[in-house]
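There are two complexes below, and they share chain A, which is joined by chain B in the first and by chain C in the second.
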Partner chain A sequence: MIVLQLVVNGVLLGGTYILLAQGLNLIFGVMGIVNIAHGAIITLAGLFTYWFVTETHLSPLLLIPPVFIVMLVVGGILQRLLLEPLAKLGRSRELLTLMVTFGLSYVLVETALNFFGSQYVSLPDLQTTWSVAGLAFNEALVAAGALGALISGGLYIWLRYTASGQALLATSQNPVGAVTCGIDVRRMRAIAFALGTALAATAGILLILILPLSAPTADTLTILSFVIVALGGLGDYRGAVMAALLLGLVQSGVGYYLGGDAEVVVPYLLLITFMVVRPQGIGHATR
Partner chain B sequence: MLGGNLRVRGGALFAPLIAAAVLFAASAAFAQKPIVVGASISQTGPLAVDASYHLKGIQVGVADANAHGGWLGRKLVLKYYDDQSNPGTGVRLYTRLITEDKVDLLIGPYSSGISQAVAPLINKYERATPMPGASLPAIFSAGNKWAFQLLPPATGYAEGTLPMAKAMGAHKVAILQAQLSFTLACGRARLDQAKALGMDVVYSTTYAMPPPDFSSIALAIKSANPDAVVVCSYYPDAVGLAQALHRIGYAPRFFAETIGPAEKQFNSAIGPIANRIMSNTSWWPSLKTHGNAAFIASYKKMFNEEPDYHAAGTYAAVQVLGAAVKATKSLDQTKLRGWLATHEVETVQGTFKSSPTGLSLKFGQYMFQIQGDKRVLVWPTAVAQGKPEVPYTGQ
Partner chain C sequence: MGQWLERRLSAPPTTPATAARGPRPLAVAILVAVIAGAGAMPLFTSAYVLQLATDILTFAALAYGWNIISGCTGYLSFGQVSFFGIGAYATSVLVLRAGVPWYLAALIAAAFSGVVAALLGTVMLRLRGIMFALGMLGLARILVVVASDWNYIGAAGGLTLPAELTPIAVYLAMWVTVVGAFALNYFVLHSGWGLSVTGVRDEETAASAIGVPTARIKTAAFIMSALAPAAVGGLVAWNRSFIDPPSAFDPTLDLQVIVFALFGGIGTLWGPALGTLVLVIVGEQFWAYLPDLQLALYGVLVIAVVLAFPGGVVGIANRFGWLRRRPVLAPTTLPSVSRPPQPAPLGDETIIEVRDLTVRFGGLVALNGVSLSVRRGEMVSIIGANGAGKTTLFNAITGFVKPSEGGVFYQGKSVSDIPSYQRARQGIARTFQIPRLMESMTVWENTLLAARYGKRGGDAVEQAAWALHTVKLDALWLEPPSKLSPGQQRRLEMARALALDPTVILLDEVMAGMTRDEQGEIRAVLRHFRELGVAAVAGVEHVISAIADISDRMIVLDRGKKIAEGKPDAVLRDPLVIESYLGKVS
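The block that comes next holds the complex of A and B.
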């Protein structure tokens, strides 16, 4: 029964990781850049959720649709203003985009510090635990896992079976080829960044129900998300799902049998192992 | 009768003149260069919640001292920086306070880890410094004679839990510790205490900070099925572990966490599962300590909230420093150190008395329990406001 509960915990934790990493993965997959501001967007959304719920006493889940839409727009604007001008700069583009997103992260973290303070906060919402066949399922973890699965499933269907999704996939695989096929790659890059930003913000809304967050948590979340994306195969959507689940399951087992210190090093040990044994990541790259 | 009237009239005539003279003298004194008190505070990072009270206590202490004419007739000014919960940054900031800002007096930072990093610097520059955030006894070794502990030692944190639990029939215990100086010292002491009490430690682990996801650790605790769980924690891990135990539907009979439950936001962070969690404190509003009522009133007036023991500890640090400055009539660091090492000072936190190496000898430790929306002092029985409510139910 303990092993089954560890598997349940690992899958639910993995679902949360999927939610954390898919936005970063999408942006890397299409634009080839690491969005250093990813963790800051998650954290800012989480802290905003804390403020909203404590002020209004409404369910945090109500925030998901409006925040998703607003952050789609914000992401699109940020991409057009900050990143698109760098797209034609050749080899220096990668370093410059890294610097721009680092600057964006700094601004967002400072904004969060000014508006929400530096303290760790968490919300006691969605804390019901259901017992099914002797196994415990927590409401917040189930919600995060379900949303992670929904987003990954939705992304997969969109990328595989819709014209706009295939255009995005084509842009990620071969931007020059995509242009020759008449795909507006500028638009695709804007869509990818907008969607990635909205997914990160959605992750933040649920993460505040699972972990205490504070503005400086942003760096930790960016690093964790990047480890998952790298384990999955940098831009590989199915790979990221497998990496998140693997990480959740291994952490669950290691935390139980070896304790809290060992649990923390698992993502980095897995990353080093994969970089040596299978540098292309878990999945087959779709880029 | 006439003479009496004349005396009254004379007094009435002179009263404004005397008042003006006193005011003039006071303003002249305050016109002197202020005494600058320097400190670094963790305003960001995982220690920020607890450290915010650390800062507020100093601010209230400085304000109260100024309201009573300052020290040596000079106004006090507080200068502080954010060490980001980082010991390395703390060392850099204290170096800056000493060598660049040239502050007159220092108060130690929040947490044992940062205090431990800063203590050698304080010794190098020979600055007599009260350390209200340093519970780790090792900091106050023979080599660190300029730092003075303003807290009970870490080894006494949550020390009331196991005797209380044992008296109520508990035998199996789980002890968890964050990987930081204070929490490790606290955890080791609780493990030793469990052994001395003949209790069975069925689970023990350490974890990194910032805290990880606690799901697996919670499950391991559930598997070990202890009667009492003692966590040597700070705020975020105290919140995280209570939530994780609730998520797997497990509630040990006794549940104690250090530091986190002392903060008022602990209840709003985890909701009803905070009920019946125990924690320790080195100060309590109902204690009849020196200046306690005035401290509480000043704190409430300044911040519109109740103080916690971190604030009381730093307020006590200002009281101790003030007593030394007034007694020696000096800011000379050698004189201050000599006085602090040999004198007792009554503070809001109890009696300050130091060993020759700066270890605090007389501050007490108490246990409180969250009972609904109240916090009730439950140990030791001599000062307890009520009895501990058991079992912890996780709701």
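The block that comes next holds the complex of A and C.
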């Protein structure tokens, strides 16, 4: 029974993790870079949600549409200003982009520190638990996991079955080929980054419902998202889903049997094991 | 804006006219005076200035450590603070539990940190650049957790150390550490060995093809970069008389170090020192007014430097002709060659043999049971339509691709267990279809790097000079590859191959994109390959007219299979060959 409960928790946790990873995956797939500020965006959104809920006592889920749209715009602007100038460079592009997002991360973290302080905060709402067939379903976990899966599924459908989504996929698979198909690759890059940051912000809104967040530890979320993406195979969407679920399950189990501190180390150990044993990740795509 | 950036990044690394062996005497004198003056400084200054100077030295040492792995080797590390913390804890434990004197403890801690780097390196340096950067970021986090739970080192409460160090002692110890870290950087940027590090940074694959043991070089650089932060960590722990996990593995230390090194000039000799000096002094004035924005401003500075002047202060100085890097081991003029290589002995044994070679990439069969050989004294051309598997064949012979079935034999022995850099050292040289030249090194240094790993042993300088004379690139010896025409770049690739003193050279489409005159120059070199000491040559080619008359034998591949072999004029008239290129008229 305990095992079943751990599995349920793990799957629901994995659902939220999927959302964490997809934003990063999108950016990596289309632009070939890892956004180090990813964790900072998640944290900033989460802290803002905390403030919003404690001030207005409205449901945090109301924030999702406006924040998503605002982040689309902000992400697009950031990409144009900070990252597009680097897109033309050859070899040094990867490293210099890492540096820029590294700098951006600290700007965002400092902003969060100044507005929200350095303490951990979490939302006490949605902590009711439903009991179904003897298993406990925590309302926050269910909401986050379900919404995460829903948004992720919507993203997948958009990418696969709509013209605009397919244009984005095409750009990530072969930028030169995409250009010859008449796709505006510059616009695709901006869209990818904007979407990636919007997804990160949404993940933050949902994450604050389950986990405590704090400004100084924002980069641990970057690492966590990166671990999921790397485990799944960089740029592989289905692999990322599998990796997110795997991570959720393993953390759920380890957290119960070995305690909180061991739980923290799980992502890194999983990553190192995979890097040694199967570097291309769980998924099938290669890059 | 992209073009503007591109121009900034393509500033030539060296001054063409003034290559001289070793540093200028005046520069050395100034450097010695500065170091001695810095050492004697505590005698003349106030406590405040001493503290500021100590801070500058602290960050300079950290920046020099970071510079080696991130700037010189090209593996960006966002977690060098891990070594800082390891050094801090190791020093403290040695002093508290083993009674070791503090300066000795710091040295032992540095050595221990080097060992940790060696172990970490075997896992992490196999990863791509992004993985390594984020892996290091995560490492610092893991270490905080581990340290917080480990009672022997004080767990979350940390360790308290007896206050024993005077400010002057700390200053002098930091001064020694900075001099040491600077010396390491000098070694990496100006020695023959250090050329391998730059080669790995610029073109890791090509470096492997000219004999550089890339894994070992990367690990050595990583170890070197771990020494300074560990020593600094030990000294800082003692100065503060207290360490605990958050302060020992504080990620904002990484941010500051990266900002300073980037601002000064990443991957340069003077960048870390200049950047630290300027930014610590400026910061001192600033932080009084804006204490809450320090991290944000550093972040903005990183972004601004990357977008506006990625070469840092040193990069800007280079544009005015200052602080330019001098080419490594370059004599005042290119020496004429007194001892050219011996002509290759005669004989007809098989140099390279490929037996039933099959290479599959997922579902695609690139090579399907191909068998061929290259014998001593002959030049073999390998032709075929695109997708025939020609480059895959070369990649399998040189070790860049693993065969799915079949074997590759060099001078009678199987090479399947021999890594690519060793095959190069044993005498298999190759050029690349798209020239992979080390862009931040001069023509001379590109060739010298290969010569260092050549079979000939002895004087690499002379071997490199001979190679450049042979391909007639001597006039351009101090130019960067970006200034060469495509034909000249291919000749440089040939010079690199010749510098290895190879037994066999594999040329991958060397004639592509060359003018008739340039083709003529290469043909002249290829006609006399036996006199140059090379036993055999194999060339993959599309420009058949350029190699048909100088080849002894021609092999044709079509969709992974060998379809013809023999004298060139017979092969070129073979109906199967014509059909593979032009298709069938039905």
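Some notes on this structure:
FYI, the second predicted complex is superposed on the first by the 282 of 287 C-alpha atoms of A that agree within 3 Å, B and C clash if a C-alpha of one lies under 4 Å from a C-alpha of the other, contacts with A are read in each partner's own complex, and residues count from 1 in each chain.
FYI, contacts are C-beta pairs under 8 Å (C-beta built on N, C-alpha and C of every residue); 3 or more make two chains touch, one makes a residue touch a chain.
For clarity, every value in this text was computed on a predicted model and none was experimentally measured.
After superposition onto chain A, the partners chain B and chain C occupy overlapping space and clash. Of the two partner chains placed by the overlay, only chain C lies in contact with A:V107; chain B stays clear of it. When the two structures are aligned on the shared chain, A:P85 is found in touch with chain C, with no touch to chain B. With both structures placed on the common chain, the touch criterion links A:L95 to chain C but leaves chain B unconnected. In the superposition on chain A, A:T220 contacts both chain B and chain C. When the two complexes are overlaid on their common chain A, residue A:V276 makes contact with chain C while staying clear of chain B.
In the superposition on chain A, A:V264 makes contact with both chain B and chain C.
Contacts of A:T49 after superposition on the shared chain: neither chain B nor chain C is touched. With both structures placed on the common chain, the touch criterion links A:N25 to neither chain B nor chain C.
Of the two partner chains placed around the shared chain by superposition, chain B is the only one that A:S118 touches, whereas chain C remains out of contact.
Steric collision with chain C, judged by C-alpha atoms after aligning on chain A, is confined to one stretch of chain B among 24-32, 42-50, 60-68 or 114-122, namely 114-122. Put simply, chain A uses residues 113, 220, 261, 264 to touch chain B in one complex and chain C in the other.
Against chain C, the residues of chain A that register as touching in their complex are 33-34, 36, 82, 84-89, 91-92, 94-96, 98-100, 102-107, 109-111, 113-114, 219-220, 222-223, 226-227, 230, 234, 261, 264-265, 267-268, 271-272, 275-276, 279. Residue ranges on chain B touching chain A, taken from their complex, read 43-46, 48-49, 52, 84, 176, 179, 205-208, 210-217, 219-220, 223, 235-236, 239-240, 243, 246-249, 265, 268-273.
For chain A in complex with chain B, the touching residues are 2, 5-6, 9, 12-13, 54, 113, 117-124, 127, 129, 131, 136, 138, 140-141, 210-212, 214-217, 220, 251-257, 259-261, 263-264. Against chain A, in their complex, chain C makes its touches with residues 1-3, 5-6, 9, 74, 76, 78, 123, 126-127, 129-131, 133-135, 137-139, 141-142, 145-146, 148-149, 202, 251, 255, 258, 262, 292-296, 298-303, 306-307, 310, 439.
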